[in-house]
Amino acid sequence: MTRGVIAFLAMAMAFMVLQSCDGGKGATRVPKRGAGTPAYGDAIVVGSIGEPSTLLPVLATDSASGDISNLVYNGLVRYDKDLKLEGDLAEQWDISPDGLTITFHLRRGVKWHDGVDFTSRDVLYTYRVTIDPKTPTAYADAFKQVIKAEAPDDYTFRVSYAKPFAPALESWGMSVLPAHLLEGKDITKSPLARKPVGTGPYIFREWVAGQRVILESNPKYYEGRPYVGRFIYKIVPDSSTMYMELKAGGIDQMGISPIQYQRQTGTADFTSKFNKYRYPASQYTYLAYNLRNPLFSDKRVRQALTSAINKDEIIHGVLLGMGQIAHGPYKPGTWAYNPRIRDFDYNPERARALLAEAGWREKNSDGILVKDGKPFQFTILTNQGNDQRLKSAVIIQYRLKAIGIEVKIRVIEWASFLSQFIDKGNFDAVLLGWTITPDPDIFDIWHSSKTGPKEFNFIHYKNPEVDRLLVQGRSTFDMSERRRCYYRLQEILAEDQPYTFLYVPDALPVVSARFRGIKPAPAGIGYNFIKWYVPKEEQVY
Amino acid sequence: MIAYLAKRILLLIPLMLGITLITFAVVHLAPGEPVEMQISMNPKVTAEARERLKKFYGLDKPLHVQYAVWVKKLAMLDFGRSFAPDNRPVIDKIRERIPITLSLNIISLVIEFGLAIPIGILAAIRRDTLFDKGMTVFVFIGFAVPTFWLALLLMYLFGVKLGWLPVSGLHSLGSEAYGSLRWLLDMAKHLLIPVSVAAFGSLAGLSRYMRSTMLDVIRQDYITTARAKGLPERTVIFRHALRNALLPVITLLGLSVPGLIGGSVIFETIFAIPGMGQLFYGGVMARDYPLVMGILVIGAGLTLIGNLLADLGYAFADPRIRHGQGS
Amino acid sequence: MKDSFFRQVFWSRFRTNRFAMAGALLIVFLFLVSLLAPLITPYGPDDLDLYHVLMPPSGTHWFGTDDLGRDVLTRIIYGARISLKVGFVAVGIAVAIGTVIGLVSGYYSGRLDNILMRFVDIMLCFPTFFLILAVIAFLEQSIWYIMIIIGLTGWMGVARLVRAEVLSIRERDYVMAVRALGASDTRIIFRHILPNSLSPVLVSATLGVAGAILTESALSFLGIGVPPPTPSWGNILTAGKEYIEFAWWLTLYPGLAITVTVLAYYLVGEGIRDALDPRLKR
């Protein structure tokens, strides 16, 4: 998957952590029962709040669509359990000495689910359709760096870049689409959006609108037939209903909330039926300020806002301690993370002083700060269906009120959130999350050229030094050089505070205890899904 | 009777037009232009393409022209395409959802009427007794309790704690392979809680109405006459009073349709039932204008038909209208 | 005086209805509680305490704390204000619109009547909750919008009632007489017809308040009700639904508050109806 895909999915409500790159160290789990013998068969029922929008990954921007597509399609490369890139549809690849050309040697004998051979033509098509201006996709950027793409023979695919592009290899994790079914057709009208044909471990079987998507194991999968016979994606729009379904046995896997994790899953009954896992998710939650709004144009105001927010209290109350404070855009402990960075800790006095410096001195009769006759008030937008974000917003609202800032909170559904508010710059502040990708390139989020509609620098952050560091960081393969760039980048962000970085939550998936072979790793638990199994005697479906 | 029928059906046309007008107004008066929505979905649309799209959708024309175009398409059951990424025809999306919502509502209606009518009648006959008072409180509690709370409590009790009934959805996994009897039984189990909660919530209106009509009828002269003639009380109540009291209830059938359809948003969300309410809620939140408009028109149209059927039933049952005097 | 006699009869009848009296007392109690809220509870409705979330009921927090450590009893007391406000403002709007349309329609009859009543018919065809959703979702979350929209979609019953009442009063002798004496339309409507048609409106308004409280809680369930941090019974209940199993205090109390209050309004409405019903003379 490309960085774009992952980033977008995380902005969406990430309830499911399957096959995505969530990971970290220190995953905990309580093993029970014997391992049993691996056996084919049974089914896993996974709960989801949202229904997939389209099963053509290039068009999708929601996590539900990604959950399904990940099992139906493959990319050329993928991340392994330790978050290292490994071959997927590409058996191996050569990188030219100057780093500008990658030659992928594709796996032979892989077949599309309809029996047609997978070849380099499919990869070429996927590349072309992604950069086609008529394709409404959010993932074109990395492929646009390519100056030449060619398929010299059926099992070779070669791309060239004008200058070194560090995330190049990662970008070929994008799901490969079947050229023989799509070429020459309008992809936005393709029936494959509801009936996908891929090369992946699971074959699409059925999609009952509003109820479920059913996938069946692919007996001819190139890595071998997955053990679990069917993957059933069950749509349950209400989160409390979903949790009850889990307890009643109607759902085998879902992500639970910290409160459920700590207070509701300790009973002997629960622990005998489920295994729960905990590891730092690869995402951070932040409060972003619209820098085109004069309210936030002064750096001191943003520093004051961060100073007025008690991050520790948010972690304690919202995550019940199951998460870490975020000071910047990287995950603590990863190679690009600068451990020396400390942004503004909770200090309401400093917040008041900074605001006074910026001209917010007087208060009106409601106790709200006033400057030039205008009260300091703004609205925080957040997306529907993410309870943690809403709670964080309420806490921030409370803390800001204490220093004389009035905050309104508005919750909006994901699709209209993007189209009506983010894309149009029609917001004061948003409370959202980004996925932290294994590659630290965050050009898309912070570079001043990425401020167009559907692009990720929607707050219009512009800092020439940051721009330079971002370009420098992605244009070299030298790790220490890159680290230097990203360390400096984090210092600037901590000073500028275009976002108030809030927290890195823990992922808390729960899986029915009948599934064995789950091995938590830095990449989470979903990476080896095809190796999960249910011993014959415990199979229920 | 035929004249009456013809008149009622003719009246449908202006009413249906009114429905489309209000739907159009509701959606177009809301802030945020539907056009913008479609266009902003695709960031790469140029200014020129934007104009072309506007022209294509007729959005460069004044509102009344747009309305006329939309209604003309509606008349041919063309509801347009959803703005959602799947871009499917709205009519397809509604068609796969409507049977679920309808059958659910019909079952709820049957239960509601099956319970409310006897409750109302008995309460009237035994006015001011413990039964009457108890039932008053019972049906009002049904109305007063927030449905989603009651639903969750029942779900937890029967689904999780006791494990007697499934928590949500319509069918068990693998129910496709069941025989038809087992399949039906499976579905009945799934529907038991949602349908009971829906029926419980709507008992109050009908049973109270039934009670007061029955009280009215009992006080009528002809009942007094019947009693005076020495007819047994049973005969008086069931042969004479009941028939007249039941008549107006028929019209209530039609009137209860919109309430039930409206309530389906909550039920379908909480019980994960993929019906029209869920679809509508999703559409509204995602600002899927064609879908929202389509469901509003169809939802209101259904009520219109429900009312018509109820009125016809009433006309058929009421001899005065049946013989052409009443209209 | 006819009026005071009427009132006496009404009151003596209403008083004997124990359900209705209990309901009325409860409503009075709620009004007092919501007025005196700051005197009753030492906490503020928005006071967070993130180090004491989801505490069970105790001496310091009688109804426990919610998922952000706020005192549930305090939020329910302040929530009473919001629920009452939503109920009364929404119904006020509905009654105002319904009365005007009903009066005009009934008094002038003819074509205007026909058009207005068809409009009512059409509005009644829409599932009200769908209309509310369709409009609310497009607007900024605000308690005022919620009240206005509930009001705008709830006036049809009142209009029909008022019209029917006007039609029956209009032809009565004294109205004919006043008209013959040359009284203006406005005068006839406001002096003679309006006061007489108020009683059925009162009944329907009482029931309307109950309905509005329920609608608000349903909107809160869908996440588009009264925006945070303002407590409404609906959003307290919704916040608790995730923890129904172990934090029962978070759902039980607001759930009961809604149920009992709605029940109270309903019983009062019924009581008024019975007390006004001339057929029930003993």
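A few comments on the model shown:
The first chain written gets the first letter, and so on, giving A, B and C; residue counts start at 1 in each chain.
Everything below uses one rule, namely that a residue touches a chain if its C-beta (ideal position, glycine included) is under 8 Å from a C-beta of that chain, and two chains touch if they have at least 3 such contacts.
Note that this is a predicted model, so its numbers are computed, not measured.
A complete topology is adopted by the chain contact network, contact being made between every pair of chains. Summed over C-beta pairs in contact, the chain pair with the top total is B-C.
Centroid to centroid, with C-alpha atoms defining each point, chain A and chain C lie 45 Å apart. Separating the CA-averaged centres of chain B and chain C is a span of 23 Å.
As a whole-number value, the distance joining the C-alpha centres of chain A and chain B reads 40 Å. Residue positions 32, 152, 156, 160, 269-270, 285, 287 of chain B are each in touch with at least two other chains. The set of chain A residues that touch two or more partner chains comprises 240, 384.
Shown for chain C are the residues in touch with two or more other chains, namely 241, 244-245. On chain C, the positions that touch chain A within their shared complex are 46, 48, 50-51, 53-54, 67-69, 140-141, 223-224, 227-229, 241-247. Chain A contributes residues 239-240, 243, 257, 259-260, 263-264, 313-314, 316-318, 320, 379, 384-385, 387, 390-391, 393-395, 397-398, 401, 408-411 to its touches with chain C in the complex.
If you check the complex, the residues on chain B that touch chain C are 14-15, 18-19, 22, 26-27, 30-32, 133, 136-137, 140-141, 143-149, 152-153, 156, 160, 204, 208, 216, 219, 255, 258-259, 261-263, 265-266, 269-270, 280-281, 284-285, 287, 292, 295-296, 299-301, 303-304, 307. Residues 43, 45, 51, 53-54, 59-61, 133-134, 136, 188-189, 193-194, 208-211, 232, 234-238, 240-241, 244-245, 247-248, 250, 384, 412-416, 419-420, 423-424, 452-455, 541 of chain A are the ones that touch chain B when the two sit in their complex.
Taken in their complex, chain B has these residues touching chain A: 32, 37, 40-44, 84-87, 93, 96-97, 152, 155-156, 159-160, 163, 166-170, 173-174, 269-272, 274-275, 278-279, 282, 285-287.
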